Amino acid sequence: MTWGRISLVACVVLLALAPLALSPFRLGLLAKYLCFAIVAVGIALAWGRGGMLTLGQGVFFGLGGYAMAMYLKLEEAGPGGLPDFMVWSGVEELPALWKPFGNPVFALAAVVLVPGLVAFLLGLLVFRQRVRGAYFAILSQALAAAFVILLIGQQGLTGGTNGMTNFSRFFGLDLTDPNGQRAVYAITALLLGAMFLVAKLLVRSRFGRLLVAVRDGEDRVRFLGYDPAVVKTVTFTVSAVMAGLAGALFVPVVGIISPALLGIVPSLELLVGVAVGGRFVLAGAIAGAIAVNYAKTLFSEDFAEGWLYLQGGLFVLVLVFAPKGLAGVVDSLRHRWSSRGRTAPTPVEVAA
Amino acid sequence: MTALLEVRGLRVVFDGFAAIDGLDLTVEEGELRFLIGPNGAGKTTLIDVVTGLTRPAAGSVRFGGQELVGRREHRIVRMGVGRTFQTATVFEELTVVENLDLADSFRLPLRSLLRRRRGVSDAVASALETAELTALADKPAGVLSHGQRQWLEIGMLLVQRPKLLLLDEPVAGMSRSERERTGELLHRIASTHTVVVVEHDMEFLRKYARKVTVLHQGHVLREGSVTEVQEDPRVREVYLGRAKGKAVT
Amino acid sequence: MGALANQLPIGLSIAAVLLLIALGLTFTFGQMGVINMAHGEFIMAGAYTAYLLQGLTSQSFLVALPVAFAVAGVMGLLLEWSLVRRFYGRPLDTLLLTWGVSLVLQQLARDVFGAPNVQVTAPGWLVGGIDVLGVRLPYNRVFIIVLAVVCVVGVWLYLTRLPAGRRMRAVVQDRELAAYSGIATGRVDRFTFLLGSGLAGVAGVALTLVGPVGPSLGTFYIVDAFLVVVAGGLGQLRGAVLAALALGFLNSYLEFWTDASLAKVLVFVAIIAFLQVRPQGMFVLKGRALV
Amino acid sequence: VDEPGGGAGAAGDEIKVGLLHSLSGTMAISEVTVRDAELLAVEEINAKGGVLGKKVVPVTEDGASDWPTFAEKAQKLISQDRVATVFGGWTSASRKAMLPVFERNKALLWYPVQYEGLESSPYIFYTGATTNQQIVPALDYLASQGKKKMFLVGSDYVFPRTANKIIKAYAAAKGIEVLGEEYTPLGHTEYSTLVNKIADAGPDAVFNTLNGDSNVAFFKQLRGSGITPQTTPVVSVSVAEEEVKGIGPENVAGHLVAWNYYQTTTTPANDAFVKAFKAKYGADKVTSDPMEAGYNAVYLWAEAVKKAGTTEVEAVRKAAGGITIEAPEGTTTIDGDNQHVAKTARIGLVQADGQIKEVWSSPGPIEPDPYLKGYDWAGGLG
Amino acid sequence: MLSVSEVDAAYGRARVLFGVGLEVPAGSLVCVMGRNGVGKTTLLKTVMGTLTPTAGRITFDGQDITRLPTHLRVRAGMAYVPQGHVSFPQLTAWENLRVTLEATGHRDPAAVDEALDVFPALRELLKRPAGFLSGGQRQQLAIARALITRPRLLLLDEPTEGVQPSVIDEIEAAIERLHREAGVTVLLVEQYLDFALRLADSFVVLDAGEVVHAGAARELHDEEVRRMLAV
């Protein structure tokens, strides 16, 4: 067995044992980290492989989350009932947009299709016009800002800044009960595994190579007979769908979905995990997302006021000293291990 | 023989400056055509227009009877037009084989692209051999030297199997022996494909060219055999230089 | 009708604010390719400089302009020297790096100045406004417009007329070649960052006239500032000016007809639409090389 | 394994309580000082021997101006730290996010800020004003001043929107014209267009429910526009001494605010409170209504625990009804039914020195009426 | 004038130069030759200081410059024309020249005119961004840029690549002039044997990062050397 296999098995075992070892509160937090890890897989694909630094992944996370939340809210309100926030927002009749979300099949389809479709359309518009690099990053950031403002402005429809909260049931599971929480955790862990596999297959396929080629030489790829806009749009869509699925699970896991989770800062925080873990390696991105979010919980519990120093500082340190993230460090350690004894030339600095 | 590439009344303007101005050019099927001309004559621009990188202000480019102007780059490639670049551009992080494989796979439907590559196709294998890169097949292209990169690029063009190959200074910066190898390869390819080569190396030209077109200030100055072109006083004046036209042998 | 006319100077003044905050980015982002998320915190530093200086002299507000330039500029220089210089050629990484720095700077400000906003008293001559042809012009807005014009002209002269500006552009475009041309690239990098950050400081002083002065000050403006630079085309001063004007007027009229939230969303939609018509507006041709 | 609910937190000779406010993000501007006031109360109580002979130990968490974080940290305080109760929140958004957590865990939250009413959770004590103790008196005051045309400006979230719904119902009943209603996102800083709209509409008064940093931008940009407090006063319900300081007193001087407490309120308890606060945090610090409400919350809880003889949640809830303290704002009593407190309404005028002068006050504490059941015109609300 | 001794250089882990030694006497014209990928460009970059040698020593005018920043080498009188038509793409051709002039010690505007006299075709292109120029035009610009600094030591990396034949003649004449009349020392990398032969006093052949042969120019006719340069 290779190192990669061994650590993969170890991770699976650890995740499987977690429900036995952790309190429901801690297990809930872990499930939350796993949601972010699912987003991280998508980001590693789009950014690490495809060079698309998406600062607006919160948007897709949100679309999935709201689709799920709408269903759960309607489920809770019962037939003819109105979600609680509509009552206090003065809405008297269920808005037309909400009606189909009473149907679980529609809602589940929307979790996948809405983020996917939005990403697809946006990607097509933007990538066909050859917007890339920093421009794409900033545009996606503006998208996140605009999306949040839109959500907040439609209080009657979306719950405004509050978003939606107070969910107690999830497809028959009782979310207030530790067993229900364990079940939701298990679903999240399984979904993460599935997304990891999907991404892995994609990366290894010809399409994955093509994606790297697009990242490194988009214009050159055109002269190999491919449309880079299609390659990028497909990848962007896949990563958006992953974010949407994660958002949908976030709702039962954490019990709230609100614009505060989707704006620029949360979107950036999603990236932090990926950057710290190593954006070029899927497993690194997952590990990074879990580690960074765990660190956030830990630090903000123990040094509430110093959290920003730690978060910011950690981030700077990783970027400066391990630009390829933890995965890069692991990789070079392994390299050093295997080349011990042999004389390696000293690296040379290119000064300018 | 029928015309494969027909350029008519082409005009390309950048910021008021006409880089190509009233250019007409016909390349027959199966031809090996050399394109020469002073720096800035519009040779690269012409290739850019044919391959969709640059949009002309006026004129038409027909390939096998179909208009190319207005089509996107990858569509033109899919119609069978391939090119290399003045400075070789390969994907440094991908291995040599992967570079070639990508050039080979563009005809696959998206569905099969999503599968993993298994083994190496015949076209890729033979391109590896032609470019003498078999030993380096699994090395990332980033480690290749200048010359090897140019070879890889030519290899990628070959596996693309285009009907028309446009080569922009393929031997620039190559050592003498590599020039020879490239020349021989060109000859072999030209027996089955239509090839247009841009070159400044007169030695190379004399050795391998049959028909030569001389561009100057965006239009055709002269067309003919190597000797005809070389003796033309106008070509000497703007391109070859007074003294050296035939001094170098 | 009067109100509609009033939106004209408002659009202009929004444009001036946008431009002032975006101007520094034409250096750090437009020229050096560094997506400096800490730019907002340099603006904040300028604003706090004005806060600290107030009351020291009778014209402390005016004095604050050059001092803030120096304070923010030196902060930028330190950032470049300590961190950013390791990141040239990796623009996307600079975004994350400087975001980390911006978090730290915000918390630092919170610890030094406290979380609540502080107050910068506008000088007497900037209080009030005048009516021109029935259009109301507050003096603070007039001041910002004038300041923006002065800064734009200064930057334009620097970039196009002064050897230093040329050197800066050369270094950014090809660091190695610049060294071969005899340019001390490291020094030019630091100086460029100093200028860009210094302009953020100046913007910060101006913003104390119209907005809150607190640790989060930068976060309010940073996204809009980047949008201006992007919509204008990277490194294009003319583009940035046009983009700021377009966004300013768009904002002012859209908000007038709808509301502030919807206006922001519509502006974003407008940018995407603009892209469909003029994608070149969004990126600069780096010559004919393939990317 | 966690067990839900309070009653915990009293292990050994300590009682742990949670303080959950935004220490970072846009709301830190308002919340940090509330937390400071709560810490002061804890300190004072401990100095007097604590509660039930035990020392009160505060556990601080950062809500980071992020509502889901408030929910997560609330859960953490309850199930991990086992605190006896939590004092926290500022925006209604954060309260709405925490509410299900407290209800599910049967734990207690003390919420110290004026809000939009239409809520009464059995697991929340509301020590700030509800609408009939702040907004309604403010409207009455404006009406008494002959203001007939109003413009509504607010941040875009549940409190301002609900508050404005109430204001419009009131206006409709009392023949007041509402000329405009505008919302801006939290943290918005560009108000020139809004100011132009106000100038264009020409109201007698502006009712301001902006929260946080936006107030600074709004008042600074209002000042040069030609709208003056004399012609068109702005009455704010989320601008207190702390915010006045940040806006710059010269920019708000002459405008009105509505609260239940000012630093200038003259009660013996307030003298002590202001003195203690300045002694602990610096002479340049000001006190404000939400700070005072947070300070009160700690005392009210302590009294309820003493009365109940335990920190157990249901017992404390039962004991809380009728608890009275002499607070800085005056006599303050918990209403056992809706768990709000009776408060005196006060209209204030912002002074050039940043202090607020009371210009009107209700004759005595007003009983809390979160659903405005006692007002005919409010029939159609909630 | 320039002396390179026992120099090793590497790109990251990949070692390229192995103990390279080279003497360029003042007033001489030395040509570096070798097949593709043997390390010619790497050697010049090391001499110019954009690559720091892992071992060895480089002196210029008797001064150790092994660790001297590149721009100071330029101000000390070295000029370099890199391989592959490099320019500042968004500066106009004129600005490309101007910025170099301003960075050099002498700042004599006449230097621009002198350089343009060598490449008259450039005069019409001065207002165009260099990135838009054709490959050969950019190469001419690159050489002009180096001439502007009025170097004492000129390093040229395949200066004729992509340049039309008549201009190659001009370049040859210009180098000749500089070398013979102004006494400029030249280190040239060139694949065109004839071009090199006509100009060089002495030559060095690199193979796989090592100097395998060095000698006077006339020896180049030797079959052995020709063989060395072949694959």
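Think of it as A, B, C, D and E in the order they're written, each chain with its own count starting at 1.
Throughout what follows, a contact is a pair of C-beta atoms (placed from the backbone, for glycine too) under 8 Å apart; a residue touches a chain by one contact, two chains touch by 3 or more.
Remember, predicted model here, so these are calculated numbers, not experimental data.
> Which chains are shared contacts of subunit A and subunit D?
Touches both subunit A and subunit D: C.
> With respect to inter-chain C-beta contacts, which pair, C-D or C-E, contains the greater number?
Spelling it out, more C-beta pairs touch across C-D than across the other pair.
> For subunit E, which other chain has the most distant CA centre?
Greatest centre separation from subunit E goes to chain D.
> How many angstrom lie between the centres of subunit B and subunit D, each centre taken as the mean Cα position?
74
> Rounded to the nearest whole Å, what is the centre-to-centre distance of subunit A and subunit B, using the mean of the C-alpha atoms as each centre?
Inter-chain centre distance comes to 44 Å.
> Between subunit A and subunit E, tell me the centre distance in angstrom, where each centre is the average of that chain's C-alpha atoms.
Each chain reduced to its C-alpha mean, subunit A and subunit E end up 51 Å apart.
> Tell me, which residues of subunit E touch at least two other chains?
49-50, 69-70, 132
> Which residue numbers or ranges of subunit B touch two or more of the other chains?
Touching at least two other chains: 44, 85, 87, 89.
> Please set out, as single numbers or ranges, the residues of subunit D touching at least two other chains.
As it turns out, subunit D has residues touching two or more other chains at 23-24, 156, 183, 185.
> Mind listing the subunit E positions that touch subunit C in their complex?
Residues in contact with subunit C: 48-50, 69-71, 74-75, 79-80, 82, 86-91, 95-96, 98-100, 102-104, 129-132, 145, 149.
> Touching subunit A in the complex: which residues of subunit D?
Counting only subunit D, the residues touching subunit A are 1-2, 23-24, 60-62, 64-69, 71-73, 75-76, 79-80, 91-93, 96-97, 99-101, 104, 118-119, 156-158, 161-162, 165, 183, 185-186, 381-382.
> In the complex, go through subunit C and note every residue touching subunit A.
My answer: residues 29, 33, 35, 83, 86-87, 90-93, 95-97, 99-104, 106-108, 111, 175-176, 178-179, 185-186, 223, 226-227, 230, 234, 259, 261-262, 264-265, 267-269, 271-272, 275-276, 279, 282-283, 290-291.
> Flag every residue of subunit A that touches subunit D in the complex, lowest number first.
Against subunit D, subunit A makes touches at 23-25, 28-29, 32, 85, 87-90, 149, 152-153, 155, 160-163, 165-166, 168, 176, 254-256, 258, 260-261, 300-301, 304-305, 307-308.
> Given the complex with subunit D, which residues does subunit C contribute to the contact?
It comes out as residues 2-3, 6-7, 10, 13-14, 17, 106-107, 110, 114-122, 127-129, 131, 136, 138-141, 209-216, 219-221, 251-252, 255-256, 259-261, 264.
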